[in-house]
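Both complexes below contain chain A, partnered by chain B and then by chain C.
Presenting the complex of A and B:
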């Protein structure tokens, strides 16, 4: 299970979990699950397109994910956000289907792009993943306070001279980068559950962001490590265990929340 | 053109596509008004759980899709959290788990001989590969979905505009929510079968959103949406059929891609009409 050909997978998965736990906290805070669901589909289309043109899939994923995320935020600026997200999502997904059919790829490859693959990480693709991971974490840390304020109290943020639209675009780019680095391992369809499950559970355990964020990262790490081990032992797809772990954690969080709030408040 | 209309798969595709596009557009207008695009998309993807399980069990795909869709709609209403943000997360968690199950079932499908294309077929569907024997069931379910919307038209309308107003006027809000989700599930699963689970959102949202940008009268919007939906489907089918020679003659473009492309283009085109009718749009925004 820890043999040399799986080492890359363990390293990448841990980076993915840290980034997902951190970025996902803001996804849940801002209520942008739908965006987090849509952006990975753009990455899927980008990977398919890049493979068709013979380019590096990571490059295609990055371009499509960032383009899709920024496009959605810009077009959805006035009014119907959900409609724009839904349409961008289907358009990107349909393009992915077109690229795949033009490229004559096998359905197994589609499957691994959509649902992740345990052995999908080579040493050469490790470098961009590490770099992207560091960029994501740094971006969130640098913009931590304005991002938090713009997420929770947009009006107050605007009054303090923070552009909420600028923050939305900034955040969309971070989500896109986080997605790009995680699609090879977790898969386009399931990245979303890692971005929502552990942070949502963490927020039920503690409302304080400085406690919830480390907790969220910890949860994401546990889910990912458990999933790789389980997938290795059972040879079932890793994505299934990721979603199962996330859902179980969230259920535990709901249970804990119900118990802790029912307890009579002491003095 | 003669080859187009005399081809058997094309005739079936046109028939089923028309039915599904019309039902999706009808339900879609209310979906857009109620801001339930995410729910509509989630139901489509969750139908894929049933679709992939049906492959595994060897039962008709449509039965799997519809069964899972109705079940998911029930769970969503049961969870039924009023606060919008809580609903967002709860939908996300249930939805994520559903996708994980899909991954599992599809993997088990691919392990079995003869169904190695299950992933593509379930997710992306194909109008050209419909089994003619499901036609009666498609017609029946379309009729049920339309009937629900027509019979409870006024409830849906009032409830979509304002829940408070609806309860004052004596509309059972909870029942209306359940009825709408059932109609939504039926419409979405039917289109999931034809253009694929993941792409069915296009037929649900794009025509309705385009129509609602053109007019603020709901009755007229439904008629426009049906027109746009059916038109996109026909154009998409024609485009896919004619595309055989476009990319070196080796492949035709996937029919799902063509339909989505036309539908989204229709939505974008409807935006041109907006500056002309800014006043109307402002009124619509106030109503919404």
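Presenting the complex of A and C:
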């Protein structure tokens, strides 16, 4: 399972985990889980559309994911955010299904983009993944403090001249890029669990953001490595193990949090 | 406090209309350095709109807001909004929230710095929050959270501290402690305070002056000048009685038809 044949898979999965752990910390902090759930549906529609037109599915995913994320954030500014996201989500899902039914010869390929595939990474597709990963990580690190302030104390941030709407759009683009790059191994739909599970668990284990973030990245790496090994050994879909691992970590975090925040019995 | 210094804040005949409705009419008052000013009015009187205007989050339809004799509010104001929701499992300690007040607008990850840490510790001590400096903010009581958020607002050394209903969700004792804390900080650091509230009683011992808002109209002055039947009757456009009982003030509005409303 460590043959050169699979080495790209390990590299890609590790990049995906680092990005998911870092970006996901802010997804959970901002309460953007629903957005992070919707964006992959845009990616799905984009992949299906691009396949229908004979274009690179990754390109279609990127365009639809970024467009969908920015559109949702912009429309949700004045209206009810959850309603806008919900309608956009099903609209994109339906479009994806439509594109698939119009030209179903590549549906197996689209299925692997959605749910992940162990052997999906060629050396040529490694480059865009590395580049997208570096862009996502740098963007979050550079914007770290204003993003943190705008996420936790939006009114104070606005009073200091930080545009909270600008921050929302900026962050939506990062989520879209992170979703796109995750596609070849974890799968777009299941990337969502990696963006939410490990960070949500990590923040329960540490109240210090500069510890919770590395912990979140560590958790995501463990989940992804465990999932690849398990998928290889069992020949079951890798995405299932990613989702299972994320959920188990979060459950452990809840248990830890319940115990650690209980009032001490004796002073 | 010296009369020669420029006022920290001048609100000059400010009016605001939102969606065709007048929210504020010709509001004018000034705040001198180090003054403690109460912004008093019932819900819907226009207090939050006035604070948003001072913060620059809302543009006045008419009139001007001037800081330190200039038009720049940047770095002048520390702000504590009315509603701050901090989740129980938010991964931030009290000291992280205070540190964000120091350099939250800067780019990049904060590098470990002794000076930064010392400043955060100093502010935590100043608001009486040293004990829970390393506790998750979401696990603190309402009064403890207010202390942390006040430290967050103070650490950038503002000249004016704006607080929107900071006493609204506190029990009587916590509210009193917060008022005393603000009065002490204002005195020791020479920071002017503008605090909105619907009840003026907790503020009576510490207020230098009062801005009383009703239906978007304001009167400003010392408490004795403003909190009088004649003044408030004119402001509300209806009979208002001011009763003083054991050092407390009761403002009682009569029926609308007691006195002609001129709107």
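Keep in mind that, in the parts below, the second predicted complex is superposed on the first by the 259 of 267 C-alpha atoms of A that agree within 3 Å, B and C clash if a C-alpha of one lies under 4 Å from a C-alpha of the other, contacts with A are read in each partner's own complex, and residues count from 1 in each chain.
One rule holds for everything that comes next: a residue touches a chain if its C-beta (ideal position, glycine included) is under 8 Å from a C-beta of that chain, and two chains touch if they have at least 3 such contacts.
All of these numbers come straight from a predicted model, not from anything done at the bench.
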Partner chain in contact with A:91 - chain B first, chain C second, else both or neither: first
Per-residue touch tally on chain A - higher for chain B or for chain C: B
Partner chain in contact with A:209 - chain B first, chain C second, else both or neither: second
Contacts of A:152 with chain B and chain C, given as first, second, both or neither: second
First, second, both or neither for A:142, with chain B first and chain C second: second
Touched partner set for A:160, first chain B, second chain C, both or neither: second
Touching partner for A:196 - first (chain B), second (chain C), both, neither: first
Set intersection of chain A contacts, chain C complex versus chain B complex: none
Residues of chain A that touch chain B when the two form their complex: 28, 31, 33-34, 36-37, 41, 79-80, 82-83, 85-87, 89-91, 93-95, 97-98, 100-102, 104, 107-108, 110-111, 114-115, 187, 189-190, 192-193, 196-197, 200, 236-237, 239-244, 246-247, 250
Partner chain A, residues of chain B touching it in the complex: 32, 35, 37-38, 40-41, 45, 84-85, 88-89, 91-97, 99-104, 106-107, 110, 116-117, 119-120, 123-124, 196, 198-199, 201-202, 205-206, 209, 247, 250-251, 253-254, 256-257, 260-261, 264, 267, 285
Contact set on chain A toward chain C in their complex: 25, 29, 141-146, 148-149, 152-153, 155-162, 202-204, 206-210, 212, 257, 261
Chain A-facing residues of chain C, complex: 55-57, 74, 77, 79-81, 84, 86, 88-93, 96-97, 100-101, 103-110, 134-136, 139, 149, 152-153
